[in-house]
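Note that chain A is present in both complexes that follow, paired respectively with chain B and with chain C.
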Partner chain A sequence: MGSITRKKTLAVLALSAMIGLLLLPVVAAIPALASGGEAPAAGGPPPDAAKKDGAESEKKVEKARDVYYKTEGIVSGAPAPKTTDGPKDYPRYNFESRVLLWFANQQHLYYGSFVLAVPIFCMVIEFMGVVSKDKAMAKKYDQLAYDFIKISLTAYSLTAILGGILIFTFLTLYPAFFGYLSSIFRPVMHIYALTFVAESGTLYIYYYGWDKMKEGLLKWLHLSMSVILNVIGTVLMFLANSWIGFMMSPAGVDEQGRYLGNIWHVIHTALWNPLNLHRILGNMAFGGGVVAAYAAYRFLSAKNDEERAHYDWMGYIAMSLGVAFLIPLPFAGYWLMREVYAYRQQMGITLMGGLLAWLFIIQATMIGILFLSTNYYLWQALGRMRGGERFQRYIKYFVFILVCGFLVFITPHTMVMTPAELKAMGGQQHPVLGNYGVMSAKNGGINVIITTTVLSFIWYQRGNRMPAVSWAKFGNIFMGVFFFFAYVNIIWLAIYGYFIPANVRVGLSVPQVATTLSTLFFMTALNLSMLKGAKQIGPIEWGKISVRSQYALIMLATAFTWMMGLMGYIRSSVRLFWHVNEIMRDNSPWAYTHTVGFAANMISANVLFFWISIMFVFWLGTLGAKKAPVEVKSPVPGRAPEPAVGH
Partner chain B sequence: MGKTIMYVVVSVVISVAYFTLVDHFLMDMQGLDYWYLFRK
Partner chain C sequence: MTSLKLVEGFMPMQMLFELALCVALFALTSHLLSKSGKAMPRFWQGILFWVFIVSYLKWRVYPPIPFSVRAMYGFVSLIAVFMWVSSNEEDWKKFKQPIMNVLDANTGFHKALRTMFLIAIPIILWGFSYNSFLPNLDEPVELRTVHPAPPASTKVHGKTFVLQTSQNPFRVNPEGKYDQEYTNARIVEQSMGRLMKGDANPWDEKAEGYLKYVREGGEIFFQNCHFCHGDNLNGRGLHAFAFNPIPANFTDPGTIAQLQETFIFWRVSKGGIGLPNEGFPWASVMPPWEQHLTTDEIWKVVLFEYWHTGYYPRTWD
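Up next is the complex of A and B:
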C-alpha cells in the first residue's frame, strides 16, 4: 500500500516537473516578449548603446514599415548583411557548401519528423489500450505503444546529434546568414533550446516510467505525460517552421531586413500556418511509414508464427495511421500552394509552372506510388481473413480506376523536347495527352485515386464480416450510389473546368476535395455503424499475409522518404538566389538551381543514408528485446493472438 | 424488387442533391458562381 502511495506521489511529482518544464520556456520568454523582444542584429549596436538619456534616444528612434504586415515599428536591429563571395561570408571546404548543408538539414529533418510523429502514435495507441474493455487487447495495445516509443528513443539521440551537426554546418559554412537569422529570432532562440530540454526530459521519464506506471491512476498520469510530450514536440516544430516561413515569406522586418521589435510578426508569417499543418500531417504519414517498414522488417526476419502475427498487426496499425494522415496531406499541400500564390504569384508560378514544375511531376508520380502501394497492401491483407476472397474479383476494376487516375495525375503539361521532336508533335503540348496536363484534370485524377483508396479501406473493414443490421440492404445500396455519384461529381468538375474561365475554375478544387472527404468521413462512419454486431465469417489470421505485402510497406515508407526529400528541396529552391526572400541575397557561388537530375540523385543519396542509418537503429532496438513468456490468451473475436515481447 | 428500386431512387435523390449543394455552396463561399456556364 505504502509502495503504491509512494509511486503515485512520485508520478504526480514527475508530471508536475514536466508541466514545469513545459512552462519554463514561456516563463523565460516573458521578459524578452514584454520588452518587445529586442534583437540587435549581428553587427548592430550593443544593448548598452540603448541606455542613453531619454532625450537623446528619442531623437534616434527610427521607424520603418513591416514588409508584410505594413505596420510601423521601431527599428530594433541591423539590416540584413550584404554578403560577398569570399571566405568571410562563405567559408568553404573543397566541396559545394550547399550540398553539405542540404545533407545535414535533410537528415535532421528525417529523424526530427520521425521522433515527433511516433510519440503521437504512441499516445493514441496507449489511450486505446487504457480505454479498451478487453484486457487482452488492452495489453496488446500497451505493448505496441511501448514498441513504438522504444524505436523512437534511439532515433531521438540521433536527431539531437544531427541537430548539432546542422548548427555547426551553418556556423562553419554560412556564418553571415546564420548570424542574421539567429539575430532576428533571438527572443525565441532560448525557448527553442529549453523546449528541446523539456522534450528530452519528458521522453526519458515517459519511456523509463512505463513499467512503474502501468495501472490505475498511475497509468492515466503516464498517458498525460504523452500528451505533454506531444505538446512540447509540436511547439518545437512550430518554432522551427517559423524560421523557414521567415526565409520564404519574411515579416516583422523592414525592406532592409531590420527587425521591427514584434517577434510575433516574425514568427507568424504568411506561410507559417500552412507549413505547420502540412508538416504535422507529413510527419505523421512519414512516421507511420517508417514504423510500418520496421514492422515489415521484423515480420520478414521473424523466427516463428507468433512473432510474425505480432509484427503483421503492428505493420497494419502503423500503415493505417500513416495513411489516415496521408489522405488529407494533398489538401494541406494545396492550401500551402494557394497561400504561396497569394503571397507572391511569381513564387507559385516558379513552383508549379516554371523552373520547378518538372519536380511536381515527379512528386505526382511519388504520390501515385504511395496510394498504389497502400491499395496493394490492403488487397493483400484481404488474404489473411476468411471471407476476404469475395472481394478479390473486383480488384481488377480498382486497378483500372487507379491507373487511369494515376496516368492523368502524372501527365505533364509540356514536354522538354529537341527541335525535331517539337516539330514532329506540332508544338510543346501533345495534341491529345496535352489536354490532361492541367490542374483541372490532375485534381480529378488525384481525387479519384483517394476515393478509390477509401473504398479499398471500406472493403478491407468488411473483409471477414457481413453487416447484420436490419437496414443493411438500404445501407449497401446507399453506399454504392453515394460512391458512384462521388466519382461522377469529381470527374464532372474536372471536365467542367475546361469550359469556364481560369478565375472560376480555380474554385472547383474545393468541392472536389469536399466530395472526396465526404466519402471518407460519411461512408466510413456508415460502414462502421453497419458493421455493429456484424456476422463473423472467420477470424483475421494475423501473420498469414503474403510476403509481397510487407515489401509494399517498405515501398510505402521509401516513397514517403523520397517524396519528403523532394518536397523539401522544392520548397527551399523556390527562394532561388535569396537566403531570405527579397531581403537577404545569396551571393555564394551556389546560388543557382540544380538540374532535376542532380537534385534527384541528391535526394536518393539522402534517402539511402537515412534508411541505412535507421536500419542500424532498428537493429539496436532488437538488441534490447527480451522474449517474455507467452501468456495463455483468450481468443479475441476477429483477431488472432499476438505474442508479447518483453520490455 | 420494389423495395430495392425505392432504395435506389432514395439514394440517388439524396446523393445528387448532396453533391449539387456541395458544389454550389462551396463555390459560393469563395465568391464564385458554380452555374457560370449555364447562366452565360
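Up next is the complex of A and C:
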C-alpha cells in the first residue's frame, strides 16, 4: 500500500515537473512581453548602431502617435513596406496567389478549430464521468472522452502540417507582407511557437496517460491536465487572433505602420476581444458538429444494434455540446459587428449594407439551417423514447413558428429582381417584405428561432418522463406563461424598433437577447428540477432513432463548415485592398473582391476538401483500433449497453 | 382578396398573422375530417399546404414579390413541409406511401400512372430545355449595392467633412447648440400615415431655429428634389418612372432611417456620378447637387427629409 502511495506521489511530481518544463518558455517570455519586447526592426538599424554617439542617438529617438490608442510611443520599427506588383513583393506561380493562400489558410483553420474544440469537450465529458455516481455511465463518459481525443490526435498532426504549409505559402507568395507582420509580432512570435510545443506535449501526455491515470487522485490529475491543455490552446488561439485583429483594426503602430514599442497595444486591438469570444464559441459549435457527423457516419455504417446504440448516444452528446455553444454564437457575432461599426462605420456598412451584404444573407440562411436541423434532430430523437409521441402532434406548429422566424431572418434588404419586376414593385424596397430586411426584424426572427429551439429541447428532456413533483401543475403553467411572454416581448421589441432612433434600437437587442437567454437558463433549470424523481414512461432506446436524424446531424456539420468558410471570407475581404487596414496596401493584382459566385464555389471546394480529408482521418482512427489488441472487459452487472469500441 | 387590404404600417405583421390563421384553420379542418373518418391523406395535405403558401405569396401579397424572393420562400416552405410530414415514423410512412405505390404497386391505376410519368417527365424536361434556349430580351438582373460604404471624408465646396464625426449644423436647439433629442422630438409622428405634431409646424410664421431650417430645407426640396423623389418622399415623383431604378424611397425603413446624416449629405453632394466602385453599375442619375446648392442648403434638405419621414438619423453613441 505504501509503495503504491509513493508511486502515486512520484507520478504526480514527475507530471508536475513535466508540465512546469513545458510551460517554462511561456513563463520566461512573460517579462519580455510585459516590457514590450525588443524593438522589432524590419530592416531597421541594429541596436548597437544607435550607441555610436550621444547626439546621433538623440536624433534617432523619434516619437509618433498610435493610430488607435492615440498615445505617443518611440518609433521602434520600419514603416510598412510600400509594395509594387512584381516578383519582389508578390512572387507567384501561374495561378492566383490569393486563392492558394485562401485554401491553405482555410484548411489550417478548420483543423485548428477542431483540435482546439475537442479537448474542451473531452474536459467536460471526462468531468461528467468523474463526478457521475453511476459506474456504468461514468465508464461510458470516460470512453466517449477518450474516443473524442483519439479522433483529434490525428487531426492534430494534420493541423501542424497545414500550419507549415500556410507559412510556406506566405513566405513564397507574400514575402513582403509576411515580413512586415512578423516584424511587428516579433516579441510574441516565439511565444506562439513555444505555446504550440507546450500544447503538443500536454496533449500527448493527456492522451497516452489515459489508461495509467484512470483512478483516484491520478484521474483528477489527468482531468486537471485537460484544463491546462485547454488554457494553453486558448492562449494559442488568442495569439493567432491578434494577427487578424491587427490586420483588420491595427493598433500599436503609427500611420506609417511603424511599431511603437508596446506589444500589448498591437495584440489588444479594437476587434481582438470580440474575435476571441466569437472564435471560441464558433470552434466549439464546429467541433461538436464534426464529432456529431462522425458519430452519424458510424451509426449509418454500424453492423449491429450495440454499435448503433453507442454512436446514437455519441452523436446526441456531440450535437448537444455543439448546439449549447451555437446558441450564444449569434450574440457574440452581434457584439463583434457592433465593435466593427464602432471602429469604422465604413467597414460595418461594407459588411452589412454594402458590398458584402449578400454574403450575410447566405450566412443568415446557414444559421437558419443550423437551427432547423437541430430542432429536426430533437423531434426525431423523441421517437427513440416511449412517451415522446405525445409531443409529436404539436411539431407542425413549431415548424410554422421556426419557418416564420427563418423567412424574416433571410429576407434580403435589397432584393434580386429584373427591371420589369422592379417597375411592378414600384421601387427598390418592397413595402411588406422590405420591413423584414432590416436589423430590427431580423433580431426578432433569430430570437424566435432560438427560443423555439429551447422549447424543443425542453420537450426532448421530458420525452419519456412525467414530472412527479407536487408543484408540477404550477410549474407547467409558469413555464407556459414564461414562454408566451418571451415570444410577445421578442416580437413586440422587433416591431417597436422601427419607431425609435437607431442607437436606441441597437440597444433593444439587449432585452431581446436577455429574454431568449432567460428562457434558456431559467426554463431548462426549472424543467430539470421538475423532472427530479420524475415518473419514467419508458427507457431511452439508444440506436432506435430514424436515419433521417443522422442525416440531419451531417447537414448540421456541413452547414457549420460552410458557414465558417463563409464568415472567414467575409471577415477577411472586408479589408478590401488592404493587407493591414489603412496601413499596408495590397498592390498585388488580386486586390479586388471576388464575385459572390466565385467565393461561394471556393468555400464549397474548401468544405469538400475538408470533409474528404477528415473522412480519411476518421478511417485512420478505425484502422488503428482494429490492430489494437482486444481488451478483455469484465461485464458490470446491470450496466447500460457497453459502447462499441472500434475506432 | 382585393377587399381584404394589407393595411399600411401593419403589413409585415398582418402577413404573418394571416398565415398563422390559415395554419390554424388547416389544422382544425384536418382534425375535424379525421374525426368524421374522412381524413385526407398526409401526402395530399403536404402538397396542398405547400401549393397554398406559394399561391399566397404570388397572389395575396401586393405589390408582387420578385421571383428570387418567392423562390427562396417557396423552397423554405417545401423544407418546412418535409419537416412536418417526416417528424415521426408513422407520418413519414403515410406520406411516402403514395410515392412508393407509384413506383412499384401492381394495380392497373398505378401502372397507368407510371406510364404517364414516363411520358410526362421527358416532355417537362424538354419544355425546360426549350425555354432555356429561347432568346431572352429581358434586361439582366443587377445585384446592385444600394448602400455602398461611404468614404472616410468628403470634400464639398472646398471644405472637408469627416463622415464619422460631422454633424448637421442646423440640428440645433433654441440655444443654437447641436441637439439630437430636441430635434427628434419635433419630427412628424409615424402611425397611420405621417402626422405633424401640433406644436412643431415648420410653416408657422413664428417658427424659429430647427423648425425654420426644416421649412427652408422643404422649400429647397420642393424646388429641386420632389420631381423625382416625390412630394411624399416615397420615390414616386413626376419623373420617377422614367428612371431605372426609380429614385430612392425615403419613407422606407431601409433607406435614410438606416444611415447617418453625413451619409445622406455625401450622397446628395456627389450624386450618382460620385458613387464609389462598389456602387457598380452606378445606375443612378442623381446630379451632384454640390454644383447647384450651397453646403448649408444641402444640410437643410437632409434635415427636412428626416423631419418629413419621421425617421431619426443613425447615431453611434
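Convention: the second predicted complex is superposed on the first by the 591 of 647 C-alpha atoms of A that agree within 3 Å, B and C clash if a C-alpha of one lies under 4 Å from a C-alpha of the other, contacts with A are read in each partner's own complex, and residues count from 1 in each chain.
Criterion: a contact is a pair of C-beta atoms (placed from the backbone, for glycine too) under 8 Å apart; a residue touches a chain by one contact, two chains touch by 3 or more.
For clarity, every value in this text was computed on a predicted model and none was experimentally measured.
Contacts of A:332 after superposition on the shared chain: neither chain B nor chain C is touched. By the touch criterion defined above, A:342 lies against chain C but remains apart from chain B after alignment on the C-alpha atoms of chain A.
In the superposition on chain A, contact of A:213 is made with neither chain B nor chain C. Ranking chain B and chain C by residues of chain A touched puts C first. In the superposition on chain A, contact is made by A:508 with chain B only, not with chain C.
In the superposition on chain A, A:500 makes contact with both chain B and chain C. By the touch criterion defined above, A:420 lies against chain C but remains apart from chain B after alignment on the C-alpha atoms of chain A. When the two structures are aligned on the shared chain, A:235 is found in touch with neither chain B nor chain C. When the two structures are aligned on the shared chain, A:410 is found in touch with chain C, with no touch to chain B.
Residue contacts after overlaying the shared chain place A:449 against neither chain B nor chain C. Counting contacts as defined above, chain A residues 499-501, 503 meet chain B in one complex and chain C in the other. Residues 473-474, 477-478, 480-482, 484-486, 488-489, 493, 496, 499-501, 503-504, 507-508, 510-511, 514-515, 518 of chain A are the ones touching chain B in the complex. Looking at the complex, you find that chain B touches chain A at residues 3-4, 7-8, 10-12, 14-16, 18-19, 22-23, 26-27, 29-30, 32-34, 36-37.
Residues 341-342, 344-347, 349-350, 353-355, 357-358, 368, 372, 375-376, 379-380, 382-383, 389, 392, 395-397, 399-400, 402-404, 406-407, 410-438, 440-441, 495, 498-503, 546, 548, 593, 596 of chain A touch chain C in their complex.
Listed in rising order, the residues of chain C touching chain A in the complex are 6, 8, 11-13, 15-16, 19-20, 23, 27, 61, 63-69, 72-73, 76-77, 79-80, 83-84, 86-89, 91-92, 138-139, 141-152, 163-164, 180, 184, 190, 234-236, 241, 244-246, 248-249, 252-255, 257-258, 260, 278, 312-317.
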